[in-house]
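See the structures that follow.
Below, chain A partners chain B and then partners chain C, in two separate complexes.
This part shows the complex of A and B:
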């Protein structure tokens, strides 16, 4: 990159990140725009300080990858709220897709001038802001504290300031978590138009063909509603192109996962952000693709040069269920571990779709890999296969107090993992938004890593 | 209070456990189920004995926490505990589980793993609009269930047997509905507690015995004098009320009349009949897919049902009891209160007994405000 050379790979603090940003040439800052626009409003490579000033206080406590690609990624991701409002201003239709984590946006993004986003992902915002304001707003509407942090999405709908009021809400529900299904039900009163989509329950011992057919019918309803909304009759080729574009991202992410887990070429925090990009591309698929291509080039270069972001000798851990508080990932890496696998309940968004199939069938088939619609045993198998592949030494399950699936499957997953691989498992619940990791959780993580170390 | 002059519910339950043990000795299979979506007609048509498992209990809840986290719903924990503790649960040869809320959907996996009890898992769409492809999928699930049940018992689920069982369960539901509807009158003679006991007995005994019991109870109450005193007319709602939750009904009925409910362990179980026209499995599919529950999306039908019941039974207040961590019901309290426009007492509790006097105070205060 002209005018810029990445420093030796590593993780940097917020202050170091800011210092680093001072060296980014103006030419690069001017280069990156979202929505393929070239005007000043669509720039997104801003100093981290800006997002902290905007309220993302937690950024001050995290550690970040020190590459330009990572800086760019964070700028792009943090800019999403602004981007969604710009989408509305520039005449795009804004579609809230909820609950299915990865499938419906493939369809929505096949329509011209439509932007899909996941209110679900607002669950990180209270932690990033170190604020309970969204939880309090959800509580006013009936969803109190003994519930998954995804309730923040309801608060965000009520506040009308985290994303524009969507033109359409597509709410997927079925064999999924109750907390979010409950959120979706209460969101209905904020939605000008809402389409409910069924998510079938996967029975791992039976063929999934009929359930895929059910999903195809559901996706046909999505297409029909989108056509009604946009007045655009989508062609098979447009949907195929949507699948191809999504696959492009999924393949890039698959390679990034490999480089991160095998070669430690990317840290856990950035990898989590990257994986969740597969859901909705942070509301700009083309630019997100460019962002992760950049990130992948950096990671490839590091792997080729034997450079690592975290210590090669770090303890190898698989992480189960995404931590709502990203500081946990920083904490665990600081404590001497690194991620060699994740089961973030978004398996469906990581699957490569079969582009030779009719598009809706391809999307349906990939959705059947969804983590939440099957058994805990299937999730455990995903964990153990990754653990085997990269020689994991332990498994961390970060749960959510009151989260319906966490309450039922945490112990089962631990049980299966221990039975199959005899690996130590640490399970804890992420606590409410705060400036720091709770002492108790910190101590438990430290003790857990000591156990892993002692087993070497 | 006795259900009928000669026996309490608990006595009937004990006797039934002995009967079931004897039937199993003769080769019968007992199939346990939890919710109103379980097609009991099919179980009986396969010559197995369906038994609804709706026991709570604090000891069972605590025992269940060995397998589930403390933030699992109290009923799920109690179920796990009861498989190790309760004599009725110990008679169960297989579990019929229809996915409804997320925790209940996941419960069978734990039952199977921890107790080695085989599970028939039936997928029911959560979305409530009965679109043809959704009903067709549930219909396919019923075929799979029929095959599984036949394998268990060696008896195939024939149309003829199904017709007979559909008719029997329709008669049972009609009788329970008739009993429940006696509460339309002022100062109802049938208490909410007795109604809960009748429903629980029906799940335990099956249509033939339960129908004669309901008839007997109706004869007995018809001979009772009706009080002139007006007491507040209340509706019950919320998470499933377990068969051993009758303490709450007794507590409420010291001060008010429970005239109806919107519970899955109450009037919702017998609110409708399986339709009369069509092939038996098609009718069952249509019937079960159309049943209301708070966890269905959207849950508009349950709201309409609740509004209709409140209007028809001239309800003055709602006692809404949720189990701790029962999200589908707990989230709806505020919305339901707005929709019904009547005072609501929300009790959110587990199966522990320590807070009962607090609940009594709240119930009394609530009734006084009416």
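This part shows the complex of A and C:
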């Protein structure tokens, strides 16, 4: 990259990124824009300090990959609220997709000038801001602390300031998170138009064909509603193209996972952001694809040169359920571990779709791999499969305080992992937003890693 | 009554050209915060924690939409070597400028080889500000934007050199003035960087570049380029830059957008004139008379502020209801409250969030 050379790969603090940013040439800042726009507002290559000034206080505690590609990724992701408002300002339709985590946006993005996003992902915002503002707003609408952190999405709808009021809300429910279904019901009063989509319960003992057919019917309803909204009759070729573009991202991410887990070419924090990009591409699929390609080029180069972001000899851990507090990932890596697998309840978004099938069937079939529509055993098998592949030495399950699916399945997954692989498992619930990891959780992580060390 | 949006959410909408639930309200409460918190003005500007605490108390007491750190325009000049007296209960006063006349800065000095720029963590009271910003950011940074006034190069230069000599130099030694401006700009951007690292949004303040002090021609030749240089630096971070020029800006209002500033904080100019001159490019912040907020009765203030808000809301890029300059230290609290309540009421947007299910 002209005018810039990545330093020796590693993780840097918030303050260190400020130092590094001094060396980023203006030409690079000018180069990257979202929505293929050239206006100043569409630039996004900015350091964490900018987002911290606008309230993202937690960034000051995290450690970041020191590559330009990672800086670009963070700038792009952190910019999403503004991007969604700019989408509306520039005539795009903004569609909130909720609950299914990965499938419906493939359809929405097949329509011209439509942008899909997941309000679900707002659940990180209270942690990023170290703030209860969105939780308090949700509480005033009837959902309090006994519910999953995803209730922040309700607060965001109520405030109308975290994303533009969507043209349409497509809410998936059924074999899904109970808490979030409750959130979705309350969101309905803020939605100008809402479509409910049923997610079937997967039964691993029965053929999935009828369930896929049910989903195809549901997706046909999505297509129909989108056509009504946009006045555009979507063609099969447009939907196929939508599947191809989504697959492109999923394949890039699959390769990134491999490089991160096998070669320690990327750290856990960046990888979590990358994996969740498969849900809705942070509201600009084309630019997100370019961001991921940039990141992959960096990771490939590191792997080829034997460069690591975290110590390759660090303790190898699989992480189950995404931590609402990203500082946990920084903490664990600082303490001497690295991620060699993840089960972030978004398997459906990682699955490559069969592009030879009719598009809605391909989307439906890939959704049958969804983490939350099946049994806990199926999730556990995904964990053990990754643990075997990359030689994991332990498993960490971060539960969501109040998250209904977490209450029991953590124990079931832990028991399965112990029985199958004889690996130590640490399970804890993530606590409320704070500037630091709770002492108790910190101590438990330290002790857990000490156990793993002693088993070497 | 509890409001729907926090000040940070409201400001966030303003700077991306989105309507807000109401106009943001920003009486420029700076050293007046010391009075609200019951501490001496000297403690306010010499102790970062005291400065932060007083601002936090004032923001909560008045319900304003920003926390703003400032004491006086000599801040950077002091760090560079000018000397100030610290009265017990008043703002610092310039005692001895660093130079009597315009200095002959060598090329090395201007490049910082032999004369390093001010160090925000060491020199003068810059660290007081950085400490205050950090403290306030940790306390309330999730809900309230933390602003920090930074004296602009043109104003700072007039604190480094005898002011008459400086102004004379605009006519007789313009190149040396420009060298001095380059020299100050280096320290100012360094200070801005420290503010950014601490979580504050720098506001560029250039009162000695107003039409009350210099001509429009001199503004264009000397002040504007150095303001633009700092704005360019801040835009590297994608920050929304406020340029505050108190005093008379009637002759320069049309030039101010050329600095690149995103928001203009104005003082002695009619609101309609300000909007006509800069409102297509910049959000306008202003501009209630600070003499009035000090001396008028609350009813008068309420009436006049409401009129100002009605006029300001015509700005196509957005508007912040503010005072034209700092709220005087001894302003009665009921007057500031009258300002805030009137601005809130007149600035309400009844259509906010109305796009609901039908």
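Following the convention adopted for this analysis, the second predicted complex is superposed on the first by the 456 of 456 C-alpha atoms of A that agree within 3 Å, B and C clash if a C-alpha of one lies under 4 Å from a C-alpha of the other, contacts with A are read in each partner's own complex, and residues count from 1 in each chain.
The working rule: a residue touches a chain if its C-beta (ideal position, glycine included) is under 8 Å from a C-beta of that chain, and two chains touch if they have at least 3 such contacts.
Every value quoted in this text rests on a predicted model; they were computed, and no experiment measured them.
Engineer: After aligning the two structures on chain A, examine chain B and chain C and state clash or fit.
Structural biologist: Overlaying the two complexes on chain A (C-alpha atoms) leaves chain C and chain B fitting together cleanly.
Engineer: Figure out whether A:307 sits in contact with chain B (first) or chain C (second), or with both, or with neither.
Structural biologist: Neither partner.
Engineer: Contacts for A:293 in the overlay, against chain B (first) and chain C (second): which applies, first, second, both or neither?
Structural biologist: A:293: touches no partner chain.
Engineer: In the overlaid three-chain picture, which partner chain does A:47 touch, first (chain B) or second (chain C), both, or neither?
Structural biologist: Second partner only, chain C.
Engineer: Check whether chain B or chain C contacts more residues of chain A in the superposed model.
Structural biologist: Of chain B and chain C, the partner in contact with more residues of chain A is B.
Engineer: With both complexes superposed on chain A, which partner does A:420 reach: first (chain B), second (chain C), both or neither?
Structural biologist: Once the two structures are laid over each other on A, A:420 reaches no partner at all.
Engineer: Name the contact category of A:182: first (chain B only), second (chain C only), both, or neither.
Structural biologist: The answer is first: A:182 touches chain B but not chain C.
Engineer: Touch test for A:354: chain B only (first), chain C only (second), both, or neither?
Structural biologist: In the superposition, A:354 contacts neither chain B nor chain C.
Engineer: A:200 in the overlay: touching chain B, chain C, both, or neither? Say first, second, both or neither.
Structural biologist: The answer is first: A:200 touches chain B but not chain C.
Engineer: Quick one: smallest Cα-Cα gap between chain B and chain C in the superposed arrangement, Å?
Structural biologist: For chain B and chain C in the superposition, the minimum C-alpha gap reads 15 Å.
Engineer: For chain A, what residues appear in both contact lists, the one with chain B and the one with chain C?
Structural biologist: Correct list for chain A: 188-189, 194.
Engineer: For chain A, which residues are in contact with chain C within the complex?
Structural biologist: Per the stated touch rule, the residues are 15, 18, 21, 26, 29, 40-41, 43, 46-47, 49-50, 52-55, 57, 60, 81-82, 85-86, 89, 129-131, 133, 158-162, 164-165, 188-194, 435.
Engineer: Can you check the complex and tell me which residues of chain A touch chain B?
Structural biologist: So the residues of chain A in touch with chain B come to 141-144, 146-147, 171, 173-179, 181-186, 188-189, 194, 196-201, 203, 206, 210-211, 213-214, 217-218, 375-377, 399, 401-412, 415.
Engineer: Provide the residue numbers of chain C that touch chain A in the complex, in ascending order.
Structural biologist: 4-6, 8-10, 12-13, 16-18, 137-138, 141-143, 145-146, 193, 196-197, 199-201, 235-239, 352-353, 355-358
Engineer: Going by the contact rule set out above, which residues of chain B touch chain A in the complex?
Structural biologist: 67-69, 71-73, 76, 99, 101-103, 105-107, 109-110, 113, 121, 123, 125-127, 129, 131, 133-134, 137, 140, 144, 295, 297-299, 324-325, 327-328, 330-335
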